[in-house]
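Paired with subunit B in one complex and with subunit C in the other, subunit A is shared by the two complexes that follow.
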Partner chain A sequence: MGSANNHSSSDASRFMEFSLGGESFAVDLLLVKEVITPPDMTPIPKSATHVSGLINLRGLVLTVIDARKLLGIQPEKTTTENAVIIFDLGERLVGVIVDSIQKVLHVPKENVKPVPDADAATPYMKGIIQFDNKLTMLIDPVILLAGTPSAKHKAA
Partner chain B sequence: MDDFELEIKRDFLQEAKDLIQSVEQSFLELERDPTNQELINSIFRFAHSLKGTSRAVGFGQIAELTHSAENLLIEIKNGKIQVNQAIVSILLTFNDKVSEMIEGLDENLDAVFNINELVFELERIANNEPPLGGAVALPAQLMSSEPIVTFTPPSSSDAKWEEEEAPSTDHETLANSAPVMSDESAPAVVLDVVPELTPAFAVPGQTEKTPPPKKERKDDETLRVSLNRLEKLNDLVGELVILKALVENSLDSMGEHKTSRSLGKLCKEIQDLSISLRMVPVGPTFQKMSRVVRDTSALLEKKVDLRVVGEDTEIDKTVLESLGDPLVHIIRNAIDHGVETPQERAAAGKSEAGVVELMAFHDGNFLVIQITDDGKGIDANRLIEKAKKKRIIPETAVLTEQQGIELIFHPGFSTKDQVSEVSGRGVGMDVVKTNIEALGGEVKVRSRVGGGSCFRLMLPLTLAIIEGMLIQTGTETYVIPKGQVQEIIKLNEKDITRITGRVPYITLRNEIIPLFYLQGDFGNVKRPEANVAVIVTQGDVTYAVGISDVLRQLQVVVKPATKEMASQCGVMGTTILGNGRPAIIIDLLNLYMKRVKKETVGLKSAAA
Partner chain C sequence: MKAMTLKKKLLAAFLFAGLVPVFSAGAYLYWQSSQAIETEVFSQLAATRTLKTNALQNYFKLLKNQTLSMAHEEQVKEAFEAFESGFHNYSREQRLSSIDTTVFRKKLEDYYVGSYGAEYKKQNAGKDVDARSLMSLSDNGLALQYAYIADNEQALGSKHLLDSYGKGKSNYHSAHTDFHPNMREFLERFELYDIFLIDGPTGDIVYSVYKELDFATSLKTGPYSTSGLARVYRKAMELGTPNDAVMEDYSTYTPSYDGPAGFIAAPIWINGQKRGVLAFQISFDKINTIALEKTGSAKTLETFLVGSDFKMRSDSQMDSTNRNVRASFRNPETGSIKTEAITRAIGGETVERVGLNYLNTEAVISVAPFEVLGNRWVIQTVINADEAFASLSIMRIAFGVFLLASAVIISLFAAWFARTLSGALSKVTEGLRVEAEKVATTSVALADLSTKLSEATTEQAASLQETVASIDEISAMISRNADSASTSTRTSETSNLAARKGKEKVELMLESISAIANGNQEIIDQMQKSNREISEIVKVIEEISIKTQVINEIVFQTKLLSFNASVEAARAGEHGKGFAVVAEEVGNLASMSGKAATEITEMLGKSVNRVTVIVDGTKGLMESLIRQSKEKVEQGTSTAHECAQALDEILVNVSTVNEMVCEIATASKEQSQGVTEVNKAMSELDQVTQSNSASAMESSHSAGELKFQAEKLNQLIDELRGLVAGEVSTHARSFDEAPRASSTPSKRATKSQNNVVPFRSSKPAVKTVSSPAREVELKKASGISGEAPSANDPRFEDV
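Then we have the complex of A and B:
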């Protein structure tokens, strides 16, 4: 993953594209620390349903969130394609389960368009990447993962 | 400023911090033993080397201030001035000022301080001048000519100092010249001397004469290592221990028992060593307390002797750092509320000086710090009365004497009618309790009216590793801290009394205690079951927690809870088990304490 960083240019950005229930999403590649295959998880009792559990990432204990449940997307069947993206959110690491990792997109900045009809309900939608005649939703994981679990936990 | 200069400045500050701390002890000792010539000499050497090195690295103000203190010390050394409390006080003020300056310089290497008043005061005492009259006028005068006076006087007299290593006559002249400097004509005179006295000139002689102060302090060679690196090492060793468990299993299955045992032994040694690296003796923190005792007792006009036992006892550095404030609180309280005035003590048939004893020792996995005073003790009845008046407890409440004494930990509770400078604001003991509990420790208090009080701070030896128990409830496994477990009993359904709408109860040695089901409170099970009950005791509250089974005891490396678990009550942290799986460490006290209080109060009132 890190090698993709080598040929960076100022007018292009790199994104990691992944799929959730057949839909394509992307995140800023710089926020991705690594991608692992889903390990054994320890469930957290009384947590929100989208919290899958705890994992041991080489000695660090992290929470793994199921992005499909968080976004209300029907998950595809469990396959060997399933992956956990480890996001580095600065003050902490969080794992996110996705159906599969697609590829790393290298797109010019002008191809990232604002979200049409952006509303307050989906502040984590950062933009739409137009690339290869295809549209990919760009997600801000910092906003997506901030606070939501505990808020939902209280409601539960 | 080039790197080298920066480095020597930083080195000096670090060194000076240590020096200042150790010399404070000498000042306090001097107060007890004012004629100890050896002590006076060592203080004098300290001042002299501080002056020299501080100027050598370019901290002129420290040098100047130290110079005036040195003048006073010369007089003391030569027997011209007798040490008394006032002298020690001014020396301590000097010490505080230097330490404040060092802190300030640590943040900003170009910081400038106002030292004129203290310099003046030191000079005045050195010259045996009365504090009245001139004392009021002169500081103002000094202030007006600040830039000149601030930087020059030390250089002028220091030049002489450099050449002659201590014959008394010269010191006299030195000291006698001091009043001249505070005279109006002084600045001009001093100015003349300045140009020929560059730091470069003063340095060589100084450094040759003064041995590096570090050598006197420790014979064991030491190395400063950042705490971050130590913590990283501890983390890694924790990982190594987990991996070791896996390797041991496969080695054992291959029949390589000997290799497996050696590996285990080696890992244990590495782990013990890496933990011990974080351990520091409580001594320096205790030493700071003698200053607190001195200042507090002087302020309250009480006589107090501080006795310190077990200074070499070691404790995790992070724990020790959070210990300072609670200790100050307790000691101030002990002197303010506990120890009586000399008159009262004489009337009660006690020695005039009260005794506060500070003791540290190990007790199992805990470090105990015990603060005992021989004062008038805590009057439980008065506390209960006061608490009722303040509506902290209901008018009808019946409390045991011990419960009454423990009211001092209640927030917003103070028995002192007058708020004094020392204590009595009602913030104190509850803060102590919160701080200690935040460290995973507990505070205990025992007291006898007329006989004194004893506070016990029970602290975990290290925050990094705890003794735990691996328990099972339903299909889940959790870790609970062994320290919270009083005992474990077998639970039979027939022993459980169920009352609709209430928590079930069990009877343990004639005591009715509430039973909570961990599976119900820490899982999503509607009809929880339990075969075993863990009995938890905190203070005089006892309750049972039903679980499926206790699997085994183990040592776990405590890791923080993830942010997603923050809202979950009763989580102490997480850890990684021998099989590599994460596990949650449950804090049974945190999980149930509030509920159990409600339940037991309800039970007692129901019984009444």
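Then we have the complex of A and C:
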């Protein structure tokens, strides 16, 4: 099935699909530096509740954000599939905890629809991916993580 | 003696037995003690007497030595010569005229009659003395008496205090002045009455210390030429050797107002010539002191001296007014002691005795002769018998009291003992009498019984026949019993066999039941084993699920790896396209294997649940089934046991029945033997019955004999009673002489009389006894066995 997609459109884009509270979300695969199993975290005192702490990734210190808390989603019970996605936001790396990573989506561009002009549209929603009769929210991590302390700090 | 009661006899015997030894022992002890005490008293008296004798002898020896040593004293000799020459030349020296002599005589006469006469009268209870007759003096004597007595200013009795006569000078006066103080001192020191220096040839007393009326008189021609002093002067002048002295015993002496005076004298030798005599008047105060000196504490113990004229030489203590030395010489009737003991002692004997003393009192006297420089005195030591034997009299009283107390105690004891004994004896006598009466009564009763006995014998014979018939029937019943018993034995044996078989079956059943129980147990064991195996399978499944989780982990890691690979591939752009496909494929495979692993896990969980449900269900079911089967088995077992027990009881009962039947059989056999013996005994009984009737007759005779013995016994009892109470009883005759017995008011007599009457009336009864006995014999002879007992006899109903 995947191989069929690969062959059918050369203009296809790749997304990483993950789940939060039973809902599926996706980000552009090129923004992902890597995925890791949740390592030991050093909590930061007096930080915002969605900041889980700091981790050491092969010598680099980065902030880990709990996406569920950031998005106000009730988390599913902790499973063994929890993972941290390390985003490369150009100038900095940020870790985001998700319930689980589903797969790498390989969808043609036409399957990525803009967000309907609904009342509920939010800035970090980049679009909706239609795939296998399933809708997956495409999120722009740069916008989503712009309000994070490290981003603000950077801006100042 | 015969009329005395037992009480009096016992009293007399006890007193005799008790008092005789007490009295004899006491008397013997008293005699012994009195002997000992008497000996003791005599030895005490003798000791005292000897002590005093020695003291007195010493004193007299001293006196003699003093006399001798003074007579040999040079100064005394010198004094003697001075006094002697001064005396004889006094008148001449003084040139006395006859006028002087007359004056002197007048003055002296006043003194003689006045001072001396008054003193004499006083000392001799109003007796006058012819003083003028004493004035037979030489001129020298008259002048010196005047100078040293009448013209002496010293009072009567103290004339010796004048040392020198101051009026006119003479050799005599100067000699007196020289020697008198020494002489007086000597006198006082040796407690003498007076010291005299007497001129040998003329007998003139040329010097005396006291200047009594004897001073300056002549012992040859003067008024005192027969006095004791004159006698001692003469005796002294007769002595041939210078070392001897003489003593003159006491006699009345006029210059000492006719008081007693004793003298001791020794001649004064000057240049081998007997020139004069030195004489002492002895002081009897000194002797008195020695004699009266107390020895010991006895109140009436005294010692005194008596001369051979029976007059006192020392004062007595008990009669000191009459029997002192002075009084004794003044009134010899009342003052002398002339007892038999003293008379014998003067005769030279030593007397020790208990007898009457001079005051007619009972006394213990010890008296012995005693030589005093040629004079015999006696010394008596005496003590009142009352005092000497005081302890004896106490002993006598104590003994009397003791004897009396013993007598009283013995009397009381004897009275008590006699009362107890005679009481007991009376009781026994009374008991014997009652028993004798009972014997008499019994002998009457015996006679009656003999009669009844022979009647009973007849009845016995009849009863015997009835008994024989009964015994035959008993014999028949016994044989029937024996038959029944053997039948029962056989039946019980069959029962026994059946019960045994039943028991064996029950045992087999029990075995089967226990086999079932064992099978059940095996099933349970098997079940438990299979359950264990199943749980092991469950364990294996669980292990598999753990392994599956590992696979899941690997899948997850693989997925992550594939994602990272995809990321890298995407970065690589066109060059990474192929790699991205591979990475996606790997991711897909990982997802698939992850899905498969999840499915396996689900399946394992399901299968474990199912197995558990199955195992639990099987277990519960099996347990309830097994419990039920167990209960059944237990029920079966207990029922089987009960069955076995019941069978056991049946067996026991059967054997008991068997034993009993056997016993019945044995008993029946013994019974039949017994019946045979009873039969034999019956015939013997028959014979005995005959001899019984003969015995009844004999017992009648014996009853008569017994009565006679009872009478004799009564006689003996009366004798015993007489012995105890001391009275002669007539009860013995009361049996034969009833009227006389009734005349005595004694209760016992009337009783015994009552006994006599039925005895006499019982005599014909003895004869009636013999008649039934003879009847029995007659019946026997005519074939008594044929007489069957009457049909309505109650004993038949028992058979």
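Definition applied: the second predicted complex is superposed on the first by the 133 of 156 C-alpha atoms of A that agree within 3 Å, B and C clash if a C-alpha of one lies under 4 Å from a C-alpha of the other, contacts with A are read in each partner's own complex, and residues count from 1 in each chain.
Keep this in mind: a residue touches a chain if its C-beta (ideal position, glycine included) is under 8 Å from a C-beta of that chain, and two chains touch if they have at least 3 such contacts.
Values in this document were obtained by computation on a predicted structure and should not be read as measured data.
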Combined model on subunit A: subunit C and subunit B, fit or clash: fit
Touching partner for A:65 - first (subunit B), second (subunit C), both, neither: first
Which of subunit B and subunit C A:92 touches, first, second, both or neither: first
Touched partner set for A:83, first subunit B, second subunit C, both or neither: second
Subunit B versus subunit C as contact partner of A:47, first or second or both or neither: first
Subunit B versus subunit C as contact partner of A:55, first or second or both or neither: first
Nearest Cα pair across subunit B and subunit C, whole Å: 21
Doubly contacted residues of subunit A, that is, touched by subunit B and again by subunit C: none
Complex contact set, residues of subunit C against subunit A: 552-553, 556-557, 559-560, 562-564, 566-567, 570-571, 580-581, 583-585, 587-588, 591
Touch list for subunit A against partner subunit B, complex: 40, 42-47, 51, 54-56, 58-63, 65, 92, 94, 149-150, 153-154
Subunit B residues within the subunit A interface of the complex: 235-236, 238-239, 242, 476, 522-524, 559-560, 562-568, 574-576, 580-584
Parts of subunit A lying in touch with subunit C, wherever the complex brings them together: 2-3, 6, 14, 16, 29-30, 32-37, 80-81, 83, 101, 103-104, 106
